[in-house]
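Two complexes are shown next, each including chain A; its partner changes from chain B in the first to chain C in the second.
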Partner chain A sequence: MALRTDRKNWLLACTFLLIALGLGLGVGPTDHPDWALIREFRLPRTLLALGVGAGLAVAGTALQALFSNPLCEPYTLGISSGAALGAVLLSGTTFALHWGGLAIPGFAGALGFAALLLGVSYRTGSRGGALLLSGVMLSLVGSSLVALWMAIADPSGVQSAVFWLMGDLSRARLEGAALTLVLVAAVGLALMVQSRKLDALLLGEEAAQSLGVDPNSLRRQVVFYVSILVGACVSAAGMIGFVGLVVPHFVRRFSGSLHARLIPLSAVWGALVLLIADVVARKIVAPSELPAGVVTALVGAPCFIWILAGRSGREGRAG
Partner chain B sequence: MSEATKNSRAVTLASLQDVGLMRGSCAAIQGVSIELFSGKILAVLGPNGSGKSSLLRRLAGLESRSQGLGCFSFSGEAEVTDLPVAQRARRVAHVASESAVDFPVSVLDGVALGAYSRNLTSQEAELAANRALESLGLSSLAARDLGTLSGGQMQAVALARAAVQDAQVLLLDEALSKMDVDRQQEVAAWLRNWVRSGNRSVVWVSHDLNLAAAHADRALLLHRGGMVAEGEVSATLTEKNLAVLYPRGRFELERTGPEARPQIRFHRD
Partner chain C sequence: MVKAAWLRAGWVFPVLLVLGASELGASERRNSEPHRIVALAPSVAEIAADLLGKEGLPRIVGVSNEADRPDVLKDRPRVGPFYRVNLEAVVGLKPDLVLATQDGNLPEQVERLRSVGVRVSVVGTPKVDSLPEAYRMLGRELGLEATAEKKAAALEQELRELRRESERRQTKAPRVVLQIGWNPVVVVGGQGFLAEVLSIAGGKSVFADVPQAYPRPSREAVLARKPDVILQVSMDQGRDQSQGGSEWGKIPTLRVDADDLLRPGPGLMRAIRKLQEGLNGFAH
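Our next item is the complex of A and B:
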């Protein structure tokens, strides 16, 4: 029975992915584009949306298991803003000449912020609100430093700060998109190898330890992997929020929480959700465009509150 | 053959030598030297704060090595806390009060997670989980979400997970406390059956003196972080020993059956 449900889930995800791909390549300022236009602009943008969407969804899935908290994701925990800060600090240097170079400072920034959060979680515990609030504060600090640095580096820099802070796929280049996809696929597979350990962590840290999982070593590995994902995604497309929150939450509803199923399905749904969000962002205020992060935030933030309210309600009743 | 003769042939599975646990600079429990026998249930009894849970956490390897005192080891092996986490999970399983799971996990999947330290395929783990649920009469819950269970059901599911883990020593911290009386008897009988069907041992922390007296083989009495007595249930649960544990109470014991298991009535003056 599980197999049949799996097949149905995959069929559904792939159908939607194909539709999203059609929209991603077909929708834009001109409705009758030539092949050159598609190859030059829409193909890289579509591929980047797939890579970043998948990467953020997988990162969100892993962070939620890591902290046993369904409200965790790279954006709300400030890990994205760490990555943006890392990338921005080096964007004026020779790194900027080669796009791929920004993924490394992005990774370093994400790793720094994620390690800080891990430290906080040891003191406050991870299930309650303290970790999330610390993440929001980290996010504010990171974003403010990004804006500050952009203003110092270049008087008109505040404009391009919007790229980092709101997330934007319009600068996509084919090599960059390809690199993001490759990194996301590799790290996604590495996380799937750990899927049974992540499953055990859902029961809580001590229960996992009693079952034979070393939670500390697992946490370090997951933080490392998530930082690679977030570094790659943010340095290519800026900070796009809530994909990592909403997608795993939605996919769990029909796939359950076991990570061998959840991680690949979240990747596909994340990819297609961000692609559709970007198509909406291209069209909604035509002839100009919105950053994709604006669309994901407008949909995602209410979802965050909805999940939070449901959780507090349950805790209230239990206590 | 009487139960007493069988007891005398018990095989030692693991031993505790002067085991204890520091909490900061004072000892929450110390000086526990006993043996865990194959096929036996050891009840750990004592008032609040006597160190029962601390002892269990020490044995489960959940406390840092630097806080642990003495040595808890299986024959021919190193201290359990020093074993690699995966190997430790083959030796001891710890069932504590379950905390809520924030994600949708079915009971069957949650129980199958117990197989983590065993080299089972996911089908084998699922089969083991189904068997464990069936043996505890929980098959009807298999498809339910863990988050929808009652406290007692959650405890029974945690026991099923421990059965799938199939470690040699099962450490139970108040693991039957939220079940109704009928279910407690049923699960305690399951536990007796389970411990005798393999090379296993159970250490069972409980506040229910009569439940422990009816189902445990041996008892360890703790008071203020120290050992008061340890031995056969019938020899250990005496008015004198219980008066040490609960000095403000008065006990009446009635011994029944061939094993002279005591029935305990407690009066508060």
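Our next item is the complex of A and C:
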């Protein structure tokens, strides 16, 4: 029975993904694009949306399990603030112009903040609450520094960074998109290997320990993987909200909480949700474009409330 | 077997020839007069239109969302706002020349267009004196050197006259706040294009000592510097964001046409002259 449900879930996800792929490659400001136009603009953008959407959804799934907190999302731990800080500091400079845009400073900033967080976690013994609070503080410091920079920087540098901060897939290039996809797939697989331990952690720390899982060591490992995921996604496409928060909750509703199923299905749904959001962002005010992050936030927030309302209703009836 | 390999190899030469010929054709096209021009900012669209004249306007096949002068450009396909154009829309118009500005368009978008083989000319007008040079540069790109030289010389002459007029009229320049943003208040500082425009028109920014081009002072800081007049420029497509000057109490305010002043193009001299006339009443 579970196998049949699984198959149905995968069939549904893959069908939607194929449709989204068709839309990603087929929709744009040009009515009859030639292959060169698709290869240069739509294909990289579509691949990047797939990679970033999958990466954010997987990161959200792992963090929600790690801290047993449904409000956790990829940006909770402040790693994204590190990426944002690295990127805005170098935006508008010659380095950013000739060396992969904002991706390299963004990724370096994410890794810098991740190193800080892991350093703190060693000092505090990696307890869940302390790690989570350290992350939130780091996030506040990072976003305050970004705001400070925007207040004092040259407006021409700010202009480029503002769109990036709102989540922007339009600057995708084929090599970067392919690299993001590969990185997300590799880290996603590494997290899949930890799926049984994440399942055990959902039972509580003591129960997990009795099953032979060291929660502190698991937290450090998962935070490391998530840092790479968030660094890769944010540096490639900026801050795209809600995918990492909403998609895991949505997928949990029909696939259950076992991470061996949850992680890959979240990846597929995350990919297709972001791809569809980007198609909407491209088309809704064409030839202008909305940042994809605006669309995911506008659609994501009501969806999240709907999920919560559905869950509360069921719990109320059960009670 | 060997013969088959030679036969296959035989295809390579005609293919290379065709490819080589098309590449040669491409480089020849690159050097010829452009006939499909896309302007990524309203200022370059206006300069290009000024140079091309009525007959040459059909050569402009796409413009940024803001380009609305001359009227005929309003019907051209749009490629998004100048601060973030839609690159696919630009390339989709199959331009043989794209015109961009150094200050308005994002450098990474210009680089991206070049990376896909699009010919892009970037016009820089960091100073008012750069405008005649921008005309000459675009004249070379459009194959209209003689027209460009004539217009550039006229601009230089007008600039000289404006400067002379400001010097003649005023013994002491009025102390001015040139306001370009409302919430928060954004003004013109001591550097940049608009600071120079103000100086040519015969005004002196009370924030001239601030090294930023566009500082964001508090309302209190503006009042503390005791300006003679506040010049208000709406950045929002002509929509009036000010409250009729009432927010500055007794300090007189003067409205300035944003489109002319903020676009380094053919309307700039007209804007400076109007500004000069407006400031004349406040000269000491």
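Worth a mention:
Definition applied: the second predicted complex is superposed on the first by the 230 of 319 C-alpha atoms of A that agree within 3 Å, B and C clash if a C-alpha of one lies under 4 Å from a C-alpha of the other, contacts with A are read in each partner's own complex, and residues count from 1 in each chain.
Just so it is clear, a contact is a pair of C-beta atoms (placed from the backbone, for glycine too) under 8 Å apart; a residue touches a chain by one contact, two chains touch by 3 or more.
Just so it is clear, the structure is predicted and the values come from calculations on it, not from any experiment.
Touch criterion not met for A:G22: it reaches neither chain B nor chain C.
When the two structures are aligned on the shared chain, A:S170 is found in touch with chain C, with no touch to chain B.
When the shared chain is aligned, no partner comes close enough to touch A:P302: not chain B, not chain C.
Looking at the shared chain after the overlay, A:R196 reaches chain B, while chain C stays out of its contact range. In the superposition on chain A, A:G119 makes contact with neither chain B nor chain C.
In the superposition on chain A, A:G310 makes contact with neither chain B nor chain C. Of the two partner chains placed by superposition, only chain B is touched by A:S68; chain C is not. On chain A, the surface touched by chain B in one complex and the surface touched by chain C in the other have no residue in common. For chain A in complex with chain C, the touching residues are 28-30, 33, 36-37, 40-42, 92, 96-98, 101, 151, 154-156, 159-160, 163, 170-171, 286-289.
Contact residues of chain B toward chain A in the complex are 60-62, 85-90, 92-94, 96, 98-106, 109-110, 113-114, 116-117, 122, 147, 161, 165. Across the complex, chain A is touched by residues 65, 77-81, 83-84, 86-89, 91-92, 103, 106-108, 111-112, 116, 213-214, 216 of chain C.
Those residues of chain A that touch chain B in the complex are listed here as 64, 68-70, 127, 196-197, 199-200, 202-204, 206-207, 209-214, 252-253, 256-258, 260, 311, 314-315, 318.
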